[in-house]
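Following are the structures in question.
Here come two complexes built around chain A, the first alongside chain B, the second alongside chain C.
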Partner chain A sequence: MARLAVNPTRMELTNLKKRIKTARRGHKLLKDKRDELMKQFLEIVRENQKLRLKVEESLMRAHASFTVASAVMSPELLEEALLYPKQSVTLDMDFKNIMSVNVPRYQFITKSNDPSEIYPYGFAMTSGELDDALYALSDTLMDMLKLAEIEKSAQLLAQEIEKTRRRVNALEYVMIPQLAETIKYITMKLDENERGNTTRLMKVKDMMLKQAHGY
Partner chain B sequence: MKYGEGSIQDIDYLYSTARLRSLERGLLSHDRMDRMCDAKNLEDAVKVLAECGYDDTVPVNPGQVDELLAEARNELFKLVESIAPDLDIVDVFKVKYDYHNVKTFLKGEHGGENYQALFIPCGRVPVEVLCENLRENSYKDFSSSLRRAAEEAKEVLGRTNDPQLADFVLDNACYKEMLALAQQTNSKFLVGYVKLLIDSANLRAVVRSRRMGKDADFLRLCLIPDGTISPAALISEMNPDAFEALYNSSPLAAAGVTGAAVLRGEARLTSVDLKCDDALTEYLKKAKYVAFGEQPLIAFLVAKENEFTAVRTIMAGRFAGLSPDMIKERLRDSYV
Partner chain C sequence: MYKIAVIGDRESVLGFKALGLDVQFVDDVAAAKNVLHRLAKEDYAVIYLTEQLAEEMQSDIARYKDNTVPAVILFPGKSGSLGLGMQGVHQSVERAVGADILAKD
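On to the complex of A and B.
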């Protein structure tokens, strides 16, 4: 592992020791964050899978009813029946904080709370299958909205997990080894200097003794 | 001109009856429907259609089938108008297209949607004239009933933003005008047919409304008053058994039984539509035993319109990959 290009001084050593301490603490915290994010992510993904299956099943049911309705009614009559909607929906959105990730929360408000107020057509010229198709779609709308919320949350959490994982790996496999290597290098360098000094002093002492006493 | 009173007599229908009897041989019979359902591939199904006088080009998507049927519908009205001694009879069947076009215009204009492709050019008023009249609020080419209904529907839609209420106004007016026109022709057969049509529409409306949990006020708006069974009786009978009893002596008895079963949650709504349509076809079958008169003309017109639905059902089913049995259970009874 390459070491940092720094001067091997005591001051640098102190700085690096501070940095490695911070890096190790950060590494532990980020690892905890990643684990918690993974836990939350898995919970969301499991819920997402269940909801997606439910929504897909409902949509298939609605699609089957529409197929039958479109077979029994002429396309002009079918499209005219659905040309102008009776029910309208407004969407409100706020955010929820999961481990510093802001995930969206959707709330939708319908013009009428009566579930039977979704049929925008008269009954004389339309098929009953159309009622079933519209009911199935209306019934799925809540789940579809929940699914959109959950899928967006999962996507945002996955991005955050990816970011955190990169940070953890960068600290674990790059930054901390580099700092450790540099600290080791400076320590060794300083020790080497110390030993050089000691040897020099011993040599000077020998020379002085020889000069004074003739040893 | 009034049938039976003025210059139109049943013998005036000799030519049209003879012509239509020969054309009836080309109608899509039950046997042909089964062959279409059981055909190995789309090409074989189209061969059966070719026997019935349709184009033998194999459609590649359901949209092409719709185009084919729209063209056939236009041809049908041209043919019937060219041979019918009394055009008032044909007008009874064109009324619904006028009302459909009015609905399309009002909803399209109100919602700002693109609706030009949704008009059906088989009404009494040509589509361009109808749009111009509605745009200018002049209604000079409209019948008085259509004018009143269009004005009321426009006002209702503007005031409530509820397309369903506007549809109720137009549907009610449509059936009333159909009945009035049928009565003007003095054809008991046609009046009986329109009344049965109203009864059938009311039966389906009651079943569908009750399934949705709607109250009596809603039913009062959507039921059409001129059938053989009064809307008041339909509104007051909340019990499925009593509802079934209302239709006991009517040609819609089987539909009434199925409707009651749907209200009890024992049958599917599709079966009510099916039984109603079968009852209407059964009524039309009386025309088979009429040597000449307006009955074969009326029966042919309706049979042909039903045939379009059958073709659409079979082809849509085949495109969707449904099994022959699943397609067959959705097919209505055939006139021939």
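On to the complex of A and C.
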């Protein structure tokens, strides 16, 4: 591991020691964050998988009754029946904080609370299959919204985990070894200087004694 | 106040119209791309998109993956599931964990 390009001085040593302390602390914190995020993520993603299977299945059922309905009715009548909806749906959104990741929470707001509002047509000209199809769809809609919420959360958490994992690895395998290596180098260098100094002093003392006493 | 949009071919999404969602009929992928980007700029929080269209515009969808709003969610259209939605789930697992640990089931 390459060491940092710094001067081997006592001041640098103090600075580096401070930095490695911070890095170790940060590493520990980020590692904890990663573990907790992972725990939350796995929970969410399992639910995501389950819910998606359910939604896809019931959507296919709705599609099936819709196909039957469009076979029974003429396409013009079908469009006429559906194109002008009575019900309207909007969304209220707030955020939930999972380990400093903001994930959305959705809340349905329907214009009217009457469940029969999803049939925007008279029953005289339409087939019963269409009612079935719409009923199935409106049933699925709640799950679809939940799916949107969970799937988005999973995506956002995945992104955050990826980011955190990179940081943890960068600290663990690059930053901290580099700092440790540099600290070791400076300590060695300073010690070596110290020893050099001592020998020099001993030598000088010997020389001075020789001069003074002549032996 | 946010809105919900559904993008897809006429037969796949007509039913959602009756439920009161904001349905956009598109016939080809180019139109779907345009509509998606336009809706993403407006206050749509959730955009549902058929897998049949999504197949040809993966990179456009990926653009919104890391944004909180909107959530682009795939659903199977009239002609059945292509498994793209599920693939997306597996992709985010792979991204987070490094390996697809859900793959066994």
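Following the convention adopted for this analysis, the second predicted complex is superposed on the first by the 215 of 215 C-alpha atoms of A that agree within 3 Å, B and C clash if a C-alpha of one lies under 4 Å from a C-alpha of the other, contacts with A are read in each partner's own complex, and residues count from 1 in each chain.
Simple rule for what comes next: a residue touches a chain if its C-beta (ideal position, glycine included) is under 8 Å from a C-beta of that chain, and two chains touch if they have at least 3 such contacts.
These numbers come from a predicted model, not from an experiment.
**Student:** Clash or fit: what happens to chain B and chain C when chain A is overlaid?
**Tutor:** fit
**Student:** Touch test for A:S70: chain B only (first), chain C only (second), both, or neither?
**Tutor:** So A:S70 meets both chain B and chain C here.
**Student:** If we overlay the two complexes on their shared chain A, which of chain B and chain C does A:T110 touch? Say first, second, both or neither.
**Tutor:** A:T110 sits against chain C, while chain B stays out of touch.
**Student:** What is the value, to the nearest 10 degrees, of the angle subtended at the Cα centroid of chain A by the Cα centroids of chain B and chain C?
**Tutor:** In the superposed model, the angle at chain A is 20 degrees.
**Student:** Tell me which of chain B and chain C touches more residues of chain A.
**Tutor:** Touched residues of chain A are more numerous for C.
**Student:** Please indicate which partner A:L59 is in contact with in the superposed arrangement: first for chain B, second for chain C, both, or neither.
**Tutor:** second
**Student:** Would you check which partner chain A:G128 touches, where first means chain B only, second means chain C only, and both and neither mean what they say?
**Tutor:** first
**Student:** Per the contact definition in the header, classify A:M93: touching chain B only (first), chain C only (second), both, or neither.
**Tutor:** second
**Student:** With both complexes overlaid on chain A, does A:E80 touch chain B (first), chain C (second), both or neither?
**Tutor:** A:E80 sits against chain B, while chain C stays out of touch.
**Student:** Figure out whether A:G196 sits in contact with chain B (first) or chain C (second), or with both, or with neither.
**Tutor:** Touch partners of A:G196: none, neither chain B nor chain C.
**Student:** Rounded to the nearest angstrom, what is the minimum C-alpha distance from chain B to chain C in the superposition?
**Tutor:** 8
**Student:** Which chain A residues come up in both lists, the one for chain B and the one for chain C?
**Tutor:** In the superposed arrangement, which is not itself an observed complex, chain A uses residues 67, 70, 79, 81, 83, 85-86, 119-120 for both chain B and chain C.
**Student:** Per the contact definition, I'd like the list of chain B residues that touch chain A in the complex.
**Tutor:** Interface residues on chain B, with respect to chain A: 62-63, 66, 69-70, 96, 100, 103-104, 107-108, 110-111, 113, 115, 117-120, 157, 162-164, 167-168, 170-171, 174-175, 201, 204-205, 207-209, 211-214, 222, 224, 269-270, 272-273, 308-309, 312-313, 316-317, 320, 330.
**Student:** Under the touch definition given earlier, write down the residues of chain C that touch chain A in their complex.
**Tutor:** Where chain C meets chain A, its residues are 1-4, 11-12, 14-21, 45-46, 48, 65-66, 68-69, 71, 73, 75-78, 80-81, 85-86, 88-89, 92-93, 95-98, 102.
**Student:** If you look only at chain A, which of its residues touch chain B in the complex?
**Tutor:** Interface residues on chain A, with respect to chain B: 67-68, 70-72, 74-77, 79-81, 83-86, 116, 119-125, 127-129, 131-132.
**Student:** Which residues of chain A touch chain C in the complex?
**Tutor:** Answer in residue numbers: 38, 41, 45-46, 48-49, 52-53, 55-56, 59-60, 62-63, 66-67, 70, 78-79, 81-83, 85-93, 95, 102-104, 106, 109-111, 117-120, 133-134, 137-138, 141, 144-145, 147-149, 151-152, 154-159, 161-162, 165.
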